[in-house]
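Here come two complexes built around chain A, the first alongside chain B, the second alongside chain C.
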Partner chain A sequence: MREFTDGSTAIVRGALAAGCTFFAGYPITPASPILMTMMRELPKVGGVAIQAEDEISAVGMCIGATMAGARTMTATSGPGISLYSENIGLAVMGEVPLVVVDVQRLGPATGGATTVGQGDVQFVRWGTAGGYPVIVLAPSSIPECYSLTMRAFDLAERFRCPVFLLTDKELNYTMNTVELDEYQDVPVRERGAGSEGPGMPKTQDSMGLFAPYRYHPPDGVPPMVHFGQDVVLRFTGSTHDERAFITKHPPTVDALNRHLAAKIEEHRDEIELVTADLEPGARTLLLSYGVTARAMREAVQKARGGGQKVSALTIHSLWPTPETAIETALDGVERVVVAELNLGQYRREIERIAHGCEVLGINRVDGELISPDQFLEVIR
Partner chain B sequence: MQEEMIFSGFGGQGALFAGMVLAYAGMDSGKNVTWIPSYGPEMRGGTAHTTVIISDEEIGSPIVQRPSAALVLNNPSMEKYEPLVKEGGVLVYNSSLISITPRRTDIRYVPVPASDVANELGNVKMANMVALGALVTATGVLSLEAVIQALRDHLPESKHEMLEPNVQALRRGAELAEPVVA
Partner chain C sequence: MITLAEPIKVKDWKSDVKPIWCPGCGDYGVLNSLLKALSDLKLDPDHVAIASGIGCSGRFPAFVNAYGFHGVHGRALPLATGIKTANPELTVFAVGGDGDAFSIGGGHLPHAARRNVDVTYVVMDNEIYGLTKGQPSPTSPIGMERKASPYGTYDAPLNPIAMVLSYGASFVARGFSSQPRELTELIKRGVQHQGFSFIQVMSPCVTFFDTYAYFKEITAPMPESHDPSDRMAAMQLALERTQYLGVFYEDNRPPHHVHMEELQEKAGNHLTLEKLLERFQR
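Up next is the complex of A and B:
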């Protein structure tokens, strides 16, 4: 069976399959179809979808809904992420599972509101005060929009943090024929699953008080309790101890901030996701993500059809950087070409990793997509 | 077979919808298809276009540098896409509104008075279907019956009072073009 559909629809379906029960958003091209579709579909399964009064409230509502027990998602575009920024920080500090879809468009400010871009790659990673890590996934096809949305929910539950799904106008708006069996379900962990297993933290402190933010070891994840359950739950954006009481006690604050980074960065292997198409003897590695990777894959087929050797790496987990997979792909090649619809944002990451290997970029910021021919020009 | 087409006109002329109907017909005929909408931030009056690919093979990149066929409904679209059509390709244009004289000798022009015909049929908004009918005949990309069936199957229920007039518009357009010589 086949259908004719787009990325926005696949994201909504992925969210529903992942058990999303709450969505809030504010209209913005090119993310509005997700809001519209959520408002149509979520009530049918008993969930709530709200058009908030603005972006700040939309993400705030999501944080509140998560802390009250919902599984939540919001969707916007780059200018909306600007307004989300403060509350993204709150979700990082409060360790709130939350899926944020950024359907990228071109340029700063209103920019090319209806045109494609991939300029938010560094922005979503560093988009809130303090610079603590988030997880960013980037689908490159409609079926991946579905499966990576599910995966985003899973990782949000596992690590108690905001997870971004980074897409773009073309991925969300372009309609394609898709075979139904191309949609791959991803298991989504239950809330609190991240704190299960050996060394699970006790939720009572030495005085018998409930400790909602007790984590152990430093890269562990605190158990998840909701407002309305039969314990007193506190929630704060300030530096806090395990009971969520505000503190400036240096060792406690130091441990908290290191924990927020460690719980993600020390578990890169659980997050890392790439599609590696490596050919022995290839001297050139093409590297891309999102919609640009589609043109890359077409170019690889054409080049190989013409007898050329070439390797390709599609990055699905942009942050934390999948260093192991990138190092493996770089092994033996002389040059890597990073293609993206910005002026070289992810190329910086590759330059950091690619010792002794030439790093080139294919970059477009004119609202058009990088074509397969642009890739073919750089293969040798 | 891979046909790469561009449909372009003012917002409201229905270029995107015409492309969508053809894309559905392609899918229902067992082909792979992609449909990319492209428009400006204007609420109305801007130009809008869609790129449609219909292929027997899996479609990698959905973008098209040189379309094998184009359907243009207004002068700005004629200006933009006439030079891009592939050598030997087809350009269907709305001769009711387009005053530009064709400039190339290496493509096949199909002038269709789409707005006038649609007016005669009772609603100028159907110019897109007249032009689509002509494009289908001129390119042979799919059968006219497949396109009519796609319209029947995918036009939202709320618009069904316009179904038969649109079918008529497709048929009239199809008669106005010379079939492709195989």
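Up next is the complex of A and C:
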């Protein structure tokens, strides 16, 4: 069985399969189809979708809903991420599970609202004050839109943090034929199944009071308990102690800030996700993500059909950078070519890792896609 | 609204964190009135949530033995909307100051009002930014001279009651932190009201803009003849120089979460016996 569909539809299906019960968004091209499909589909399963008054409210509602027990998602494009920024910080500091879809479009400000781009790669990573890590996944096909949305929900529960699904206008809008058996379900953890195991936590402070932000060890994740679970608790965006009371006590603040980074960065192996198509003896490694990876895969087939040796790496987990997988793929090649619809944002990461290996870029910011032929030109 | 057979005493509604507001701050009166209202209404701490933003009012949730969410500046209403929508069994408050409610967060107020989210929004209005040390706020009077407005303010103050009435809020009231008994009653009525309840509380800042005497002079009890179902009359009273204390307006249209249930049914999610049982077990 096959169907003719688009990425937005697959993302909504993935969210519903993951148990999403709350969505809030604000109209913006090219993310609006997700809002409209959620408005139609979520009430059918007893969930709530709200068209908020602005992006600030949309992400704020999601954070509130998560803390009252819902599984939440929001979707926007680059300009909307700008408005999400402060509340993304709240979700980082408050340790709020949340899935944020960024359907990228071209350029700063209004830019090319109906034009494809991949210029938010660094923005989503560094998009809030303070510079703490988030997780960013990037599907490169419609079935991956489905499975990576599910995975985003799972990682949000696992690490209690905002998880971005970074897509683009073409991936979300362009209709494709998809074989139904290409859709793969990903298991999504239950709420509260943090590092201390599932079920209601018994985390208490020295006075025997409930401590919603107790983590141990430093890279552990406090088990998630939400409003309505019979244990009075608080959440906050300020530096806080384990009971969520504001503190400026340097050792407590230091431990908290290091914990926010460590809980993600010390667990890269759980997040890392790539598709490695490595050919022994290849001198060139092509590397890409998102919609651009599709042209790369086509180019690889053509090149190999013509007798050329070439390797390719599709990055699905952009942040934290999957360093182990990248280092493995770089082993033995002379040059790596990073293709992306921006002026080389992810190439910076590869340059950091690729000791001694030549790093080149294929970059387009004219609103057109990188073609398979552009890849073929650089393979040797 | 989920209630207990026996009320929890006011002292047990207090958390073990003591407020650090300036001595004489109006917010103490607001906190005490809110705690008394929680006790009088026999509410259950496991079913009360308080969302706040930033400002002297922001730390309010830390002082109450209930679920609390201290978010970012001006965004208490989106948080409260999300909380109430995700779990309608909770009694939800949003608290803030005049900067939080009418300046940075001013864009959320009309929409919470027209959505009729079942949230009681208590705005402690001191006509100044206190936490950041005395800048003019959207309700500061014209000509106010402070360090941040050394030549006096020129911008006309907002009229929060008239504004919220025109936004279509279904419960609109004003209280004064120096009249705790009346304020407690207003908060209780706001909680009992099914829908968006807006309560402006005149709550002076003793440190940067001491308005106790001024508020006493310009406030007056709501005329007994006022009919709170009469929106035009409410608007008339809101536009007078006298700041009336009491309920300006109340209507009983269904709140947002009830509409959401209707909408789910329309979409084909009919309430089955299993779903009912599942809800009951929660």
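The criterion applied here is as follows: the second predicted complex is superposed on the first by the 374 of 380 C-alpha atoms of A that agree within 3 Å, B and C clash if a C-alpha of one lies under 4 Å from a C-alpha of the other, contacts with A are read in each partner's own complex, and residues count from 1 in each chain.
Everything below uses one rule, namely that contacts are C-beta pairs under 8 Å (C-beta built on N, C-alpha and C of every residue); 3 or more make two chains touch, one makes a residue touch a chain.
Everything quoted here is computed from the prediction, not taken from an experiment.
Novice: Once chain A of both complexes is superposed, is A:Gly19 in touch with chain B (first), chain C (second), both, or neither?
Specialist: Neither partner.
Novice: So in the superposed three-chain picture, is A:Thr236 touching just chain B, just chain C, both, or none of them (first/second/both/neither)?
Specialist: In the superposition, A:Thr236 touches chain C alone.
Novice: Check whether chain B or chain C contacts more residues of chain A in the superposed model.
Specialist: C
Novice: Identify the partner contact of A:Pro218: answer first if only chain B is touched, second if only chain C is, both if each is, neither if none is.
Specialist: Neither partner.
Novice: In the overlay, answer first, second, both or neither for which of chain B and chain C A:Glu170 touches.
Specialist: After superposition on chain A, A:Glu170 lies in contact with chain B alone.
Novice: Touching A:Gly107, do we find chain B (first), chain C (second), both, or neither?
Specialist: After superposition on chain A, A:Gly107 lies in contact with neither partner.
Novice: Applying the touch criterion given at the start, work out whether A:Ser371 contacts chain B, chain C, both or neither, answering first, second, both or neither.
Specialist: First partner only.
Novice: Under the touch definition given earlier, write down the residues of chain A that touch chain B in their complex.
Specialist: 2, 4, 29, 110, 113-115, 170, 173-177, 294-295, 297-298, 301, 368-369, 371-373
Novice: Where on chain C is chain A touching in the complex?
Specialist: Listed in rising order, the residues are 16-17, 45-47, 49, 51, 59, 61-62, 65-72, 75, 77-87, 89-90, 107-108, 110-111, 260, 263-264, 266-269, 275, 282.
Novice: Show which residues of chain B lie in contact with chain A when the two form their complex.
Specialist: Residues in contact with chain A: 20, 23-24, 26-27, 31-41, 59-63, 65.
Novice: Flag every residue of chain A that touches chain C in the complex, lowest number first.
Specialist: Spelled out, the residues of chain A in touch with chain C are 21-22, 24, 40, 43-48, 50, 52-54, 56-70, 72, 86-87, 89-90, 94, 209, 227-228, 230-238, 244-246.
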